[in-house]
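Scroll down for the structure; my scribbles are underneath it.
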Amino acid sequence: QDTQGLPDQRRIPINKVGIKDIRHPVRVKDRTQGEQHTLAHFNAYVDLPQHFKGTHMSRFVEILNDHEREISVESFRSILEEMRARLEAEQAHLEMAFPYFIMKQAPVSGVESQMDYEVTLRGHLTPEDYQITIQVQVPVTSLCPCSKSISEYGAHNQRSHVDLQVRARDFVWIEDLVELAEAEASCDLYGVLKRPDEKYVTEHAYENPKFVEDLVRDIARRLEDDERIVWYTVGAENFESIHNHSAYAWIERDKRTPLPDGA
Amino acid sequence: QDTQGLPDQRRIPINKVGIKDIRHPVRVKDRTQGEQHTLAHFNAYVDLPQHFKGTHMSRFVEILNDHEREISVESFRSILEEMRARLEAEQAHLEMAFPYFIMKQAPVSGVESQMDYEVTLRGHLTPEDYQITIQVQVPVTSLCPCSKSISEYGAHNQRSHVDLQVRARDFVWIEDLVELAEAEASCDLYGVLKRPDEKYVTEHAYENPKFVEDLVRDIARRLEDDERIVWYTVGAENFESIHNHSAYAWIERDKRTPLPDGA
Amino acid sequence: QDTQGLPDQRRIPINKVGIKDIRHPVRVKDRTQGEQHTLAHFNAYVDLPQHFKGTHMSRFVEILNDHEREISVESFRSILEEMRARLEAEQAHLEMAFPYFIMKQAPVSGVESQMDYEVTLRGHLTPEDYQITIQVQVPVTSLCPCSKSISEYGAHNQRSHVDLQVRARDFVWIEDLVELAEAEASCDLYGVLKRPDEKYVTEHAYENPKFVEDLVRDIARRLEDDERIVWYTVGAENFESIHNHSAYAWIERDKRTPLPDGA
Amino acid sequence: QDTQGLPDQRRIPINKVGIKDIRHPVRVKDRTQGEQHTLAHFNAYVDLPQHFKGTHMSRFVEILNDHEREISVESFRSILEEMRARLEAEQAHLEMAFPYFIMKQAPVSGVESQMDYEVTLRGHLTPEDYQITIQVQVPVTSLCPCSKSISEYGAHNQRSHVDLQVRARDFVWIEDLVELAEAEASCDLYGVLKRPDEKYVTEHAYENPKFVEDLVRDIARRLEDDERIVWYTVGAENFESIHNHSAYAWIERDKRTPLPDGA
C-alpha cells in the first residue's frame, strides 16, 4: 500500500513539491578548460494535481544521482523532462546553485589567480513552455562619486555584490556575464595582486566612481545592447565602508517592453 | 553641488533603490500585552525615474529613525507615504523582518514559556495601489505517515518550518496566523515541556502524521475558509530526520481565482 | 521512573550538557539610558559527572525564563549559581549573544543615529573560580597604508570587523570597549551621515591608514594601558574591497605575562 | 619602499596574521576512489614578531595556488613549512574546511546514494611542534529515550549533528570517523531510501534511543578504544523536533590523562 498514491479529497493543487537543499559534486561547462569540478545545492520540484495525496521524494534524488556527471545549461531541459515523466507531473522546476571559478590575470603583473562567483541556474518546464534563468553574483569594488567629489583626498570604497539574472535566446557563457559586470564596476577583484597591481586597482577605482545606481544602470545598458539577452534583472549591494548597512539598487527589464522615451 | 541630483542620460529607470539590512530596535503590536519590544532588519526602497542620477540614502535612515517607536501593520502605510514624499518617488517599498515572541502554555502541565517566530512585513505603495503582505515562519513538528504505516513501531519525525504569506482585507494578528499553522501541524513546539507534556506531544504527533504535502494543504484549507484572507502562499520545509536534505511543498493562491473542480 | 536520573556505567564525564541557541527578549544595562531592550541567543550548560545518565533540559529554560528581565554582567553570577544548584552540577557555563545599540552623533552635523554592535557575554562558574568574558564586535572602516603610499590618488578601504574579548577586574561598560576600538580604526561607522559628515569620514580615514596588523596592535596598546583589563584578545577582519577574501589579524594576551623586551 | 617591512615600535607581537575565508577547488584523498574533487574554504596565518610592521598577504594566496591540486592530511605539513619559510615566521596555521562525500548503500535495498559531511583540517607548526586536528561533522538521527519510555506509542526524533575532533598518532581516514559516529547514532542518514529502507531506519532508530548525552559518551567510548587517537572532542547537537532550540553535549579528552575511577 503506497500512502503517497492515495486519492486526495481536499482538492487543493500544490504548485511545488520536492526536495530542497541537497548537495552533490558536479561538473559544469567551462569556457577555458572545457569543464570544471564544483559542488551544487539543488532544489527540485514538480507540481502536484489536486487529486494526488503525495509525490515520491526518493525519485528526485535518483534523477540527480543519474545526471550529476553531466549537468549543464544544455542538459537542464532533459533533466526536467525526466522529472516530469518519472514524477507524472505537468510542471518541473530545478534550481542548481554552485560556486564557479575563473582564472584571472592581475592587471599589471599578469600573475594568475582564481576568483569565485556564485551561480544559480533555474529551469522551469511546462507542457507549453521551457525557460532557463542564469543568475551570477559578481563581487566588485565600488567607489562613491559623492565622497570623491566633496573630499580633498580619498573616497570611500567597498566590496559590492552585483547580481545578474538573464534569460537568453542564445547560449551565454557564465564568463560573459561576469566580464560584463566587472567591466562596469569601479574595479574588479583578484585573488592575488602584486604591488604594481595594487597601485593600478586603487587608481582605477578612483578614476571610475560609481553610485550603486550607476552600477546597475551601466550594466543594464550593456544587457540592452546584447542581442542574446531577452530578459534580465540587475541588482547591486554596496557593503558600505562608512555605514553598517548596505546601499542597494535593482532593475528588472523584459526587453520586449520599450524603455521610456525611446531610450 | 549635489551629485545625486544631476540629470541622467542613460534613460534607464531603476525599480528599487535604497538601503538594505539596517537593524533597529522596534516595538510591535501584541495581541496579549498591547506591544512587545523586538529588533527588526529593514530594507527600504523607492523607484528612481530615468532622468535622476541618484537617490538620497540618508533620508531613508532618517525616516526609520523617526518611526521606530511606533511601527506596526497600521503605521506601515504612513511610513511609505513619507518615503514617497521625501524621496520624491512614485513607488515605495518597505520590508521589516523581526522575531516575534508568544507566551504559550505547555499542553498538560500548563507551564508557560516563550516561543519565537520570524515575521516579515512587506509594504508596497504606488499612486494607484497599496499592498501589505504578512509573512510568518512557524516551526512545528511533522511526523511521516508513510514511516508510521510501514513500521511496526515508531515513525520518523522532525522539526519543520511552515512559512505563511497573506494579504488580508481586514486586520489579522500575527498570533492568528501562528495558531492556524500550529493547529495543522503534527504537533506544535514549546520552550518548556514537563514529562506529562512530553508524553502528550509525542503521542499527539504520532496520532497526526502529515506529509509535507498535507501540511501545506491543510493550512491552505483553513486560509480558504478565513474570509479576511484574499491571497496567500504556504510553504513547508521538513528538515528530514532520515536524510541530510529537506522535503518541501509550496502553494500560492489568489482566492479571487476559483479552485479546480469547484473545490 | 526518571530515565535521566539512572546511574551510568560508561564512566565518561561530560564537560558540557545543556541547551543551545534559544532566543529570548532581554533588558541589558545601558550607560546612557539605564537599560535597553534587545534579544539574546543563549547557550547554557553544566558538567555531568560520569555516574549520571542525563541532565534535566527543561530546568535550563525555566532558569532563563525567571531571569530574562534582569540579565546583566552583574546578574550573570547568580544565574550561574542557580544553574549549579538546580542542575546539581559542579560547573556552569552561560553564553548570551545580543545586538547592542548605541546612539551616535555624526562627526560634523551632529545628527543622531543608532549603531548596532554584536555583544557576547560568557560566564563560567566552578567551585574554585568565576570568570566572565565580554566580547564586542565593532564594525569600522579600515584604509590600506600600502595602497595609499603607492597610489597617486585614492586608497582602497572597506568595512572591517574588530572583535574584542576582555576579562576585567572592575566594571567595564560595553560602550567603553566600543569607543576604544572605534578610536583606533581608520574611521568609525554611523547610521546617518550628511554631506559634511561624509567629507569628514572620507578624509579622516585617508589620514589614518591602518593595516589589519595596525588595528589589532593599536587597540592592544590601549588595552595594555587600561588597568581594569587583565586578559584580552583582539581580532580584526578586513573584508577587502580589492579581493574576495579577508585579511585577518589576532592577538591574545594575558597581562600577567610580560610583553617581550619590556614593552 | 615596502610599507609592510618597516620596523614597528609598538612592541606587540601578533599571534596570527594572514588571510581568511578564501575558497578554492581542491582534490582530497578518498578511501574508496583514491581522491575526490571538492571545494575548500581556507584560513592561513603566521605569527608576526613585535618588530615587524606587517606581513605579505599575497604570498599566502600564492602558496595555496601552488598546492591546491594535492592537498591532503599528508601534504599539510609541507604547506605549513612553506608558509613559515616564505613568510619568515616562527609559527604557521592552516585551516581547510570542505564538504566530503561518501557513497552509501541503503540498509535493505542496497540502493546507492551520496552523503555529504563537513570536514575541517587544522594544522599548526612551530619550531618545536607539529599538530594536525581532523574535525568531522556527521548528521545523524537521534531518538529520545525519555519520550519513548513515557509514551504509549512513538518517540520524538530529529536530525542531530555529531561533531568530532581528533588528533591521532597514525593515519585515520575521514571515513573511519564518519563510520564510528554513525554506528553510535540512533540511526544514520541516507540520500535515497526505498520503502523497505524507510521501515528499517524507522524501527532501527526506535530500537536505539539515545539522549544527546548518550551520543557523545558512546562515541567517546569508541574513541577511547581506538589506539590511533590521542586526543579528541565529541559534541552533539539535537535540533529538537519538540522545541525551537537544541539539546547539546560536549566532551573533551586528552587520553594521556586517566579517566575517573580507572574507567
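We call the chains A, B, C and D, going by the order they appear; numbering starts again at 1 in every chain.
The working rule: a contact is a pair of C-beta atoms (placed from the backbone, for glycine too) under 8 Å apart; a residue touches a chain by one contact, two chains touch by 3 or more.
Not measured: the values here are computed from a predicted model.
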- Note on the structure: Joint neighbours (chain A and chain C) are B, D
- Could you compare the number of C-beta pairs in contact for B-C with that for C-D and name the larger? C-D
- Chain located farthest away, centre of chain C as origin (C-alpha): A
- With chain centres defined as C-alpha means, what is the inter-centre distance between chain B and chain C in Å? 30
- Query: CA centre of chain B versus CA centre of chain D: separation in Å?
  - Reply: 35
- Task: Mind checking the centre-to-centre distance between chain C and chain D? Centres are C-alpha means, answer in whole Å.
- Result: 25
- Among the residues of chain A, pick out those that touch two or more other chains and give their numbers. 22-23, 61, 116, 146, 191, 193, 195, 244-245
- Would you identify the shape of the chain contact graph, picking one of line, ring, star, complete or other? complete
- Query: What does chain B use to touch chain A in their complex?
  - Reply: 1, 3-4, 8, 10-23, 43, 45, 48-50, 53-55, 57, 61, 145-146, 149, 211-214, 216-218, 220-221, 224, 237, 244-252, 259-261, 263
- Message: Can you tell me which positions in chain D touch chain A when the two form their complex?
- Response: 2, 22-25, 36-39, 58, 61-62, 65, 99, 101, 111-114, 116, 191-195
- The chain B residues in contact with chain D across the complex are 115-116, 139, 141, 143-144, 146-147, 150-159, 187, 189-191, 193, 195, 198-199, 201-203, 205-206, 239-245
